[in-house]
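So, here's a batch of structures to check.
Across the two complexes that follow, chain A remains constant while its partner is chain B and subsequently chain C.
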Partner chain A sequence: MLLQILVSGFVLGCVYGLIALGYSLIYKSSGLMNFVQGDVLTLGAFLGYTFYSLLGLPYWLSLICTVLTAFVFGLFMEKFVIRKLLRKSVLAIYIVLATIAIQYILQNAIQAIWSTKMLNYPQIFPVPSVSVAGIMVQSESIFCIVMSFVCMAGLQFFMKYTRFGTAMRAAAMDAKAAQACGINTSLSTGISWGIAAGMAALAGILLGPIYGVFIMLGSTIGRKGFAGAIMGGYGNMYGAIVGGILLGLVETLVAGYLSSTYKDMIAYALLLLFLFVKPTGIFNERAITE
Partner chain B sequence: MEKNKKLPVAKIALCMVLLALPFLFTAVGFQYGVLVCCFAFLYIIAVSGLDIDFGYCGQISMGHAAFFAIGAYGSVMLHQYFHIPIIFTMVIATVLAAAVGAVIAYPASKLVFHFLSLATIAFGEIVYSLLLNSPKGVTGNAVGMFTDSINLLGFSLSSNESFYYFGLACTAIFLMAKWLMVNSKVGRAWVAIRENPHAAGGMGINVTKYKVMAFAVSAFYTGFAGAMYAHLVRYIGPDTFTQKQSVMFVTMMLFGGTGSILGPIVGAVLVFSITEGLRMFEQYQMLIYGALLLVVIVALPGGVYGEMKKLAGKLLQKGKGGEKSAA
Partner chain C sequence: MKRDMKRFLAATMSLAMAAALTACSGGNTAETTAAQTAAASEAGDTAKEGETAQEAVAPEGGEFIIGCPQPLTGTNAQPGECALNAVKLAEKQFNEQGGINGKKVVVLSYDDQGLPEEAVKLATRMLQVDKCEAIIGSCISSCVLSSGKIYNDSKIPTFGTGTSPTWMQQGWDYVFRACQNNDFALPLVVNKWKELGVARVATFAGQDDAAVAGVNTIAQLCKEAGIEITTSESYAEGNTDFSGQVAKIISSDPQVVFISTFGPTQPLIAKQLRQFGFNGLCFTKDLYQVDALQVAGAASNGMAFAYPYLTYSSIDECDDPFIKDFLTAYEAEYGVLPVSDCAYRAYDSMLVLKAAAEAAGSTDGEAIAQAMNTLSGIQTLAGMQDFTQGDGEGLHEFNIFVIDDEKYTTWDKWDGTEGYQAVMEASGLN
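== the complex of A and B ==
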């Protein structure tokens, strides 16, 4: 029982981690908050379903196509909406609201393109479940955990050891100084929004086979992902992963042992608790204070 | 002198129109208009309250649906379980909303902008899930609750026309109170905090105290609007008090223009009319709503009232400039 709960908590936690990582990336690179993440997750799940189940592409190819589409979506969103607003130097609330507006549009567009019905992925792996330490675990769950870690490690590698990643970190640290060094800060911000969207879509295509695909799949996950990001320390990459996984575990443990009615509340209660008591999070990230 | 003479005439004319509006609607056979006005009144009160918090004190709240819910559910539950007459339950529930607002605002007053919006969203979600899964089902959970209309000194406000006058009176009182508040020492402190909290603190303003005060007052306004909503519709369910409602309040406020008495009125009336008018496109309501929001953000950053004022100012300046050059 406990092992089963831990595994499903870990799957959910990895998804929260991917979403929270996107929040942190965007906050680090542009100091903004993005409410679209959750619905990009939904979009990813639907796109993956379309590529894999309707168009009959192999799973790995549909995964890549989905992530790339979402990446372009994130890039365009930054280029055509957020950057326009930033140029006008509007209040920060307008940018937050703009992302909420895009969230509504995206939600409704998904509903119009696909259906309001719940869709199910056909089986992906030849073996439906694997025995781990005496319990049967869905292969998709294992794949979700493995892929999340690969993605997180890949991002770390990209940010730390590649030329472009270094440029992005420089742009996040001090945009003006980076620009003076010849770094295209506008491009690097756009890329970070794109990466965030790509990760959310990846979470969607990984989660879709486990939870099923429906319109509201992502919106709650997106909102609860903030709790993960805050717990780890908003803007901290390791914090996002640790906070996300912790949130997933706590939520599933509470749902499994205490009561499933209050499992949504736990995430928001943790969010408030951390904001009020320790706003810098587990990793003591200073970005949150003025 | 002339201006002073002119103003009361316009004001009296406006009052006459407002008082006669239900009869006008009945005369044209557009009964539905009265109900729309009733809703507009309660939204004006709610959005004016939110404007005190954001437009004057500079604190965003993306969770005001929670106070709307506390006002509505508080009033309905007090009436149902304790049999207190409705008008008193409305007042008690509103005070309760303000108290909860103060409790939340105290720790939240330290947070900077983005994180304040996250905290208020989280608070709104917690209240929403409490409504949906209340202990022992006191809120009726997903089914919601039915209730009676307001009984004011023996007169039942069950018809839309009678509620219209009640709403009109309440709106007038609340707007008057807002006008008095923002033009007092308190209002000036709020504006100082909005402009620069550090400088305000340096001037000897107790920043935390005034921030908490603004939040509580705005919760009071929104709570009362919630109570009005409950007894106008006579049914409440958790679906009315979701995150979407909070975003709607913020949209109304920004659409109209912040930091003024008229802005929230314009915003509440316009946005509510637009959403009512687009009822037939229910399926695409969110799409239209999102597009509307985006257009406002990109094209009208000062809100309708704010942009109009700017335009009027420009025209006036042009006129003056013209006179000068002519002279």
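== the complex of A and C ==
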């Protein structure tokens, strides 16, 4: 039982980690918080279903189309809502509130476009499940784990070792100074929101075959991803994945050995504990002060 | 200072608008479908509400206004949308036949979001502002439980479309049910277990009223039957991963798993139970929906339930002529078949309401309520309904269905087949 729970918790944690990566990226590159991630995951699942099942595109092409569409959505969200609010020099809390508003608009828009029906996302791989240490794991779950680590490593590399990533971090630390150095802060922030949306959509298209596609798919996962990002160290890419995995493991272990009724309570109590005892998270990521 | 004042005013205005829009989020309009409700802009909703309120405050004397609160957004939007569609279909059909007692039927829809507190707010609005004369809904039992007293005290005939026993145990004279009461169907399930020689059952339940009531009833019936509950697991609404619960269920070594859930959770728990290695018999508290069957595929095999009817992926699969007619009309109206049986529940409620109003010769609430207790032999999708027992319930007989080879079948037809043998063997019931 323990091994089964650990494997499941790890898979679940990687999903949280993918979402957490988006939260961390946006924070790292713009110092802002975005609560639309969970619903972009849902959008990604529906887009993936449309490209793959309805339009009959190959899976890899559906995946690319889904991520690109979500990227454009994220970019537009930044350009037409967040950027406009930033130009009005509003407090950061108003940006957070704006993302909560977008969250509800997106939820209802998805319902209006695709209806409330739960949709069946066909299996991607010919082999439905594989044995890991004697435990049967769905093939799509393995793919999800692989993609989480690829995204984590890719983003960390992008943010640390590429010129554009450095520009994004500079824009987050001091937008005016960055602009003075010739960095297009609007573009860098927009791209970070686009990438975050793309990653959430990627999580959606990966989760579709595991959970099915329905309108509230990402709502809880989005919240859990946020908690995972904080535990790992808000703004740290490694932390996002590690925090997500920690949360996934805690949840499944609590449900398996303590109480399934109170597993969420215990998971969020852990988040509070982190905020009190180690607010910089596992990876000791310092918060952006302004 | 001036700028601060402007900001303060802007923030205050925004808050006021948000509060106003939230209060208006019931989004009632006779013309609005669930999908439109979801998509409607806030501003649009406000305008439509104005129109509806005007109609409702001053009906022309020839209208019978029926309020239909259902969850049209959120986790349970799918059953809510199906229920509303069915009620609107009945409205159209009744009006084509001359209405109810010569009055035009007007259905006003409301989004209770599946939240009990929202249901209470809407109840007040439906009665005091829109002057609804009868209520069909909600399919979420917690919402019926929270708002039922308001309708009852106002003497408004109300047909709850949830399946929990709790709200019918309140002794309300104006609240009725034309769909399944799980407490009536679950004894059939436990009797089947006794017949099979089941000794150990694990339960998995949501935390809403119907789910909790279902699992409590099973626990009580199992106790009386001498069946051991090996573990009782639960989950919070919106969760998608139940691996901890499933691992615990399997390690408790049950022969049967009783699943007390609703909507999108059904295929998730089915898939996870099968993936973790439990291939034995499972019973769900009510219908295992057709879309759950499509999503979970082979993992659905061996899922059984006691219920009056089934949902279908095509009309040809249905062999009940009355349900077939309904499905044909529903598909013609909406282009799809209902995936949730909440459509059946709501449609049947409309049929019974019409029969009661016609028996009473009036649309007056007291007259309808009195007539209800004399009604019997009412043909509905669930079969003949009989309210003469005086308990407000119309349905007392159910069938046990099971999924075999990714198709619905009856238990009797399934018994002895290859699929049956495999599931029984996995449950250790051979």
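To be clear about the criterion, the second predicted complex is superposed on the first by the 287 of 290 C-alpha atoms of A that agree within 3 Å, B and C clash if a C-alpha of one lies under 4 Å from a C-alpha of the other, contacts with A are read in each partner's own complex, and residues count from 1 in each chain.
Here is the rule we use: a residue touches a chain if its C-beta (ideal position, glycine included) is under 8 Å from a C-beta of that chain, and two chains touch if they have at least 3 such contacts.
This is a predicted model, so every value here is computed, not measured.
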Chain B versus chain C as contact partner of A:252, first or second or both or neither: second
Contacts of A:215 with chain B and chain C, given as first, second, both or neither: second
Partner chain in contact with A:119 - chain B first, chain C second, else both or neither: second
Partner chain in contact with A:136 - chain B first, chain C second, else both or neither: second
Partner chain(s) touched by A:102 [first = chain B, second = chain C, both, neither]: first
First (chain B), second (chain C), both or neither touched by A:9: second
Which of chain B and chain C A:261 touches, first, second, both or neither: both
Which of chain B and chain C A:84 touches, first, second, both or neither: first
On chain A, the residue positions that both chain B and chain C contact, one per complex: 107-109, 111-112, 261, 264
Chain A-facing residues of chain C, complex: 34-36, 38-39, 73-75, 77-78, 80-81, 207, 233-236, 238-245, 247-248, 250-251, 263-264, 267-268, 271, 275-277, 291-292, 294-297, 336, 339
Chain A to chain B touching residues, read off their complex: 32-33, 81, 84-85, 88, 90-94, 96-98, 100-105, 107-109, 111-112, 223, 226-227, 230, 234, 261-262, 264-265, 268-269, 271-272, 275-276, 279, 288-290
Contacting residues of chain A [partner chain C, same complex]: 1, 4-5, 8-9, 11-12, 107-109, 111-112, 115-120, 129, 136, 138, 207, 210-212, 214-217, 219-221, 248, 251-257, 260-261, 263-264
Contact set on chain B toward chain A in their complex: 54, 60, 107-108, 110-115, 117-119, 121-123, 125-126, 129-130, 133, 243, 247, 250-251, 254, 283-287, 289-291, 293-294, 297-298, 301
